[in-house]
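By written order: A, B, C and D. Residues from 1 in each chain.
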C-alpha cells in the first residue's frame, strides 16, 4: 500500500525532471499535466483504500543515515492523501486547459509535480527528518511557482514574505521535533510516541507545533504571507496552495498534537479555540475589505482554517476531559470541514482562474455581467459560493453544523477557560458564517452579475472544456458530500478512532440516510430530503404557475424606480457593497475611516470619497519587527567602516577579556 | 405512516394557505390603528392572484438566476416552514432539519434574494442587497445564539423535542430563556423587514432594504417572493410560539390547531401594535439594535455554560 | 604510498608555472597539477601511510585533505575560464598570470601541508605560508580597494598568526614536562597520547591564544574584519578558495587543539568559548548581510555566518553536534565555492559586483541564474541540499540540551535567511537589470558541487557516515 | 640551575618589558625606531643567554637573526621609508601617553596573574620568561592599537613578535625554534620591505592608515 504512494511520489519527481526538460516543447504542458492527473488519481484511490486498511510502513535508505527514511500510511495519512489526491487531480485537469495560456511554462512545469510530490510526502512521513524535508520541499516548490510570474509587480515581495514565513514555520517545527526527540536524537515518530515527555516538554512542543503548522496553515496573526502568495501563483497552483497545502499543514498539527503528544492539557484546547475563533472572524473581515477576487478567496482560506481549528480545539478540550465520543464528533467535524474546504476552495480558485483567462482581470471592480458571457463558469462559481457560505443542502453547511453540534455537546466542562471559550467560539463561528455569506454575495454579485464594468469583461468568452470539467466535477462533489454526508462520516470513523479512541455512530444504516451525530431526539439533519423537497417544490410551483397561471415574458429596460442609468459605473461596486459592514466592523478592527469631499454647489469638481484601512496585524506585529531588524542592521553596519587600528582593537579587547576571564576563573 | 404523511401534507398546505392571511391581518391591524378601514383580510390573496395572472416584465440584462431565484426562494422558505411543529409536534419529516438547519435554510433564501437584487445591476438592487446582508450578518448569529441557549436548556436542537421539553414542567423559569425571547423578537423583526428595521410598506425611499432588492420583480416572480415573505413571517411567529408558548401542543390536533391559530392571531395583533407604536430607525442604527440581540443571545448562552442552574 | 606527493606536486607545479609564459598552457597545467594531487588524496584513502614526526594521516584530517584537494581542483578548472575573461578585459596581464598561477599552487601547498602536518610548528608555518600567498593574491588587482583589503588582511592575519605562534609555544611548554624536551613534544600523535598529563593552566592560556589566533583566520567575529574585503576585492577563484578551504584549514587547527583540551580533565572546557564566538559570529553576520551592496562581500559575510554555525556545533560537541559540524563544514565549502563560481561569472557579465546592477538573472541567463538560486537556497539550509541535514542536526540536537542557545541559533538563521533571500530575489527575479550579454561560463564545477550537495542532502553514503561518526567520537 | 643564570635571564626579560614601556612612551618616530633597535638588541641578548644556559646552539642562530635582522636591518629599513616617504615625525597617539602607560601596567599585571597558577613543575625560568613574554606581546599589541600611523604600527608588531621570540627561546629545548623564527622573519621581511608601503606609495601620499581606510569597500 505504502509502496504505491511512494511510487506516485517518485513518478511526480520524475515528472518534475521531465518538466524541466520538455517545458518548451509544444506537447509539454499537456503531457506533464496529463501524467500528473493520472498519478493523482492513483494516489486518491490508494488513500481511500488506506483508511480502512491497517497501518503499513516502510523504511527507505535515505534521510538521516542512522535512522533511515521512515514512511507510514495509516488512516489519518490515508484521509489526507485523499485530500491531496483529489485536489491535485482536479487542478491537473483544470491546468490541462488553463496551462495552455501560460506564457512561460518552463517556470511552472518543473515545479508543479515537485510541489505535488512534497505534499504527498509530508502526509506519509514517519520521522522528523523526512517530515521537515518534505515540508520545506513543498514550500520551495510553491515558492518557485509563486515566482512563475515574477515580473508582475508585488509578486517578488509576496514570494519573499512567503518563503520567510515558511522557513519560520519549518524552524518552529524543527524545534518541536528536537524537543520530542531528546538529546539522543531519536527522530522516528514511533520513538516519539513511546517517549511520554514530561508535561512542560509536551506543552512547549504543542505550542511550537501550533506556531509552526499554524503559520503554514494561515492562523492569525501568522497568516500575512497567505493572501500575498496564494493569489500570486497561477490559479491552479493557488487552488492547490489554498485547498491542499493548508490542509497538509493542518495534518501536521493533528499528527503532532493528537498522535505524537498523547493526551493534552485542557488549556491547549482553550488556546487552539481562541486562535481558531479569532482567525475565523478576522479572516472573513479581511476578505470583506478585499476587492481582488483571488486575494478575497485567499482570506477566506484563513477564515476556514479558523473554523477547522475551532473543531480541533474542541477535540483537544474533550480529549483532555476524557470525553472520547465528543472528541470524535469534534475531530470528525474538523476533518470533514477540511475536506469540504479543499473542494470548494479549489473550485472557487478555478473559477477565478477562468475569469482571469477570459478577462485578464482579477480586480472585481473591473468585472461584472460575466454570467451572460460565461454561464457555466458562473454556475460552478455560484455552487462554490453557496457551499463556502455554509448554505444547505451543500457540504459546507454539514461540517459547520457538525461543529455546532460539538459545541452543544458538553456545556458543563469543569474548566472555566473552556466554559468561556466554547460559547464565545460558537458566536464567532456563527458570525463568520454569516459574514462569509455576505462576502460571497459581494464576490459573485459584483463579478458575475450586473453589467460589465470594463470592455474586457464585456468581451469575455467561456473557457475550455477541461477547465469546465474540473469545475463541474468539484461542484458535483460539493453537492454529493452535502446530501450524503453519512458516507464521508463513516469513512472518517477509523481516523477518529485512531486519534481519539472513539468514533461517531455509523450513519449509513439509518433510514432516509439521515445524519444523526448523537441521538435522533437530540439533533438530526437530512441533506438529501432537504434537497429533494426544495427541488421538488420549486419545480412543482414553477410548473403549476406556468401551466395554470401566466408564462408570458416581456423584455424591457430596467425599471430602477423610474430613472435607470445606462452607465455601468452607477452600479453598486464591491467597495460600496462592503461599505455598511466596513462601517459596522471595520472601524473597530481596521480603524477604517472614510473622507468625503463634497464640492460646493456650482463647483463642477467631482465629489471624492477616500477610504483608508489599516491592517492591524501587520501594523502591530510585523512592521515593528521589520523596523527592528533594519535598525539593528544599520547600527551594526557601522562596524564595516572602521580603521584597521580599530579592528586590531577588537582583537586586542577580545584577547584581554579572555585572559581576564581566565584569570578570574582560576 | 399514511396518517403521518397526511399530517405533514396538511401542515405544508396550512402554512401556505394561512401565510397571506397573517400578512393581511397585520396590515388590517395597522390600518385600524391609523383609523383607516384598510384593505380586507383577504386582500393579499387577491394581490397574489392578480400578480400570478400578469405577464412578467424582465429587464434586458436579467439572467437565468434572476428568473430562477423566486421559485428557489419560495421553495426553500416553504420547506423551512414545513419543518416547524405548528399544531403537531413530531411531524414525520421534522427530523429532516433542526432549528439550526431552518435558520440556514432561511439564510439560503436570503442569499438568493440578495444575488437576484444585484443581477440587474441597478443602484437600488445593490443598496438592498448590501444592507440586507449587513443586517443578516448580525441577525443570523443572534438567531444561532438563541438556538444554542434553547438547545442547551432542552438538550436538543430538534424543534419537536424542544417544544415537548418546554411544554413539560421541567423547564422552570430561566433567565436565559427570557433573554432568548427578547433576542428572538428583535431578530424576527429584522428578518421579516418590519419596522423599526425596515418598512414593508415603503417604496422610493433610500431607507428601504427588502423592497429595494425586489424592485425589478413583477408578475408571478413578485408573487412568489411576496408569498415567501409572508411564509417567513408565519414561520417565525410559529417558531416563537412553539418554543416559548408551547401550550396546546400535544393535546390532540383540534386543540393544538386552535391554539396555534390563536397564537398567530395574537402575535399578528401584537406585531401590528408594535409597528404602529415606534418609528423606523436609521440604517446605521440597526447594527446596534441587532448587536444588542446578539449580545443578549450570547449572554444567555454564557449564563447556561457557566451555571446549569439558571 | 605516502602523503608527500601532494606537497611535492604543488611545489614542482609552482616552480614550473612561475616559468611558463603561455597562460593557456599554464592554466591547463594548473588544472592538471590540482587534479593529480586530488588523485593522490584519493590514493591516501585507499592505502594509508604510516605517520612520522612531520606528516600525519588520520580520520580527522583526511576528510579535510580530500575536500581541500577536490575544491582546489574544481576551482582551478573554474579559474581557467575566469582568468581568460580577465585577460580579455585587461584587468590582469600575462605577467601577473604567471605570478597568479604559481601563487595558486603555493597556496594549495600551504593548505595541504597545514592539514597534513603532524607537528604543531610545521602546521603553523604552513598556515603562515597560506596566509602570505593569499594576501598577495588578494592584492593582485592593485586597485585601491584591493590593496586596502590585502593590507587589512595582512595586518590582522599576521597578528593572528603571531598569537597562534605564542599559543603553540605554550602548548609545547605544557607538553615538555610530560613528553620530554624533544620533537615529540610538538607532534600531534604523542601530544594526544599524553594530553591528560599536561599542565591545565598552561593549556588554558594556550587555547585562548590559539582560539583568537586561528579564529582570526576562521573569520570569527570580532576578528572577522579582514574576511569580507579579502573576498570582495580578490579574484573570484581566490574568494572561492578562501571561503571553501582556508577557513576550513584554520578550523582544522582549532579542532586539533580542542582535542588536546578535551583530552585533559583539568583544563577549561573549550565548548563554551566556541559556542559564544560561534553565536556572536552567526548573529552579527546575519545582520551585516542586510546592508551589503557588493555581492561577493555579502557571500563573504554568509561564510562568517556559517563558520559561526560550525564552531557552535563543534562547541556543543557530542556525537550529533560534531557530526553536524563536520557535515556542515563539508557542505558549506562545496556550496559556498559553487556560489562564488556562479557569482564570478555573473559579475563578469554585469561588469560589476554591485547587487543593485543585477536583476532578473533567471530571465537573461537561465542556467546561471537558476544555479545561483539553487546554491543560495542550499546555503540557506533548505532541502533537498546537504546543509539542511546538518542544520537540522545542529538545531534539533542542541534544543533538547540547551534550549536558549538553540533559539538564538534559530534567530540568527532566520535573520540571515531573510537577507539572503531578499537579495537573491532581487538578483535572480524581477525586471532584468544591467548588461545581458552572453557568458562563456564553465558550468562543470558549479554543477559538480551542487550535485554533490544535492546527493548528500538526500542520501549520505554509508562509509562517509561511519567515518564522520568515528571522527565525531574522536572529537568527543 | 645556578641562581645567577636565572637572575640574568630574568633581568634580560625584564629589560625587554622595560623597552616595551619605552616604546609606549615614545611619541617621535625616529626615537621610536631607536627604541625598536634597542628592544631587538635586548631580545638578542636574552636569546643568546638562553642559548648559553640551555646550551642549545640553535638558539644562537635565532639570536643572530634577532640582532642582524631586527636590531639593525629592520630599523634601518623603516628609517629609510620614513625618510623617503617624508612621513611627518610626530606619531599622533589615540589616547594620552599616561593612559597608555597605565594600560601597559595593567597588562603586565594581567599577564603575571594569568601565568601565576602555572604549576611549579614548569620550572621558574620558563614561568617568569613566559609571563614577561606575554606582557611584551600584549604591550606590542597595545602599541599597534594606540598608534595611528603605519610605521609605528609595524614597530608595534615587531615588538609583539619579539615577545613571541622570547617565549620561544624561554621554552627550554624547544625544537624548530630556528625554523619558526626564520619563518617569522620572512613575515616581517614582507611587511618591512613593504610591497604594500611601496604600492601605497604609488597610490597615496601618506601611509597614514586613515588615508588607506578612505578606500573602503561599499562606501559611496
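Note that in this section contacts are C-beta pairs under 8 Å (C-beta built on N, C-alpha and C of every residue); 3 or more make two chains touch, one makes a residue touch a chain.
These figures come from a predicted structure and were not determined experimentally.
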Compute the centre of every chain as the mean of its C-alpha atoms, then state which one is farthest from the centre of chain D.
-> B
Chain pair with the higher count of C-beta pairs in contact (A-B, C-D) | A-B
Between chain C and chain D, centroid-to-centroid distance (C-alpha), Å | 31
Rounded to the nearest Å, the gap separating the Cα centres of chain B and chain D is 99
Dist(centroid_CA(chain A), centroid_CA(chain B)) in Å evaluates to 35
For chain A and chain C, what's the span in angstrom between their mean Cα positions?
-> 44
Multi-chain contact sites of chain C, meaning residues that touch two or more partners = 151, 155, 159, 163, 201, 205, 228
Provide the list of chain B residues touching at least two other chains, using ranges where the numbers run on.
-> none
Hunt down the residues of chain D that sit against at least two other chains at once, touch-wise.
-> 114, 117, 141, 144, 153, 212-213, 216-218
Inter-chain touches occur between A-B, A-C, A-D, C-D
Would you tell me which residues of chain C are touching chain D in their complex?
-> 119, 121-122, 124-125, 128, 132, 136, 139, 142, 144-145, 147-151, 154-155, 158-159, 161-163, 165-166, 169-170, 172-174, 176-177, 181-183, 185-186, 199, 201-202, 205, 228-229, 232-233, 292-294, 297
Which positions of chain B touch chain A when the two form their complex?
-> 52-61, 63-65, 71-72, 74-76, 78-79, 82, 93, 95-98, 100-101, 104-105, 107-108, 110-111, 114-115, 118-127, 129-131, 133-134, 136-141, 144-145, 148, 151-152, 155-158, 161, 203-204, 215-216, 219-220, 224, 283-284, 287, 294, 297-298, 301-302, 304-306, 308
Complex contacts: residues of chain A adjacent to chain C = 61-66, 106, 128-129, 132-133, 136-137, 139-140, 147, 150-151, 156, 159-160, 163-164, 167-168, 171, 174-175, 177-179, 181-183, 185, 187, 629-630, 632-634, 636-637, 639-640, 642, 644, 647-648, 650-651, 653-655, 658-659, 662, 665-666
Footprint of chain D on chain A - complex, ascending | 640-645, 648-649, 651-652, 655-656, 659-660, 662-663, 666
Residue ranges of chain C in contact with chain A within the complex = 151-152, 155-156, 159-160, 163, 201, 204-205, 208-209, 211-212, 216, 222-223, 225-226, 228, 268, 273, 284, 287-288, 290-291, 318, 320, 360, 362-363, 366, 377, 380, 382-384, 388-389, 392-393, 395-401, 403, 406-407, 410, 413-415, 417-419, 421-422, 425-426, 429-431, 458-460, 462, 465
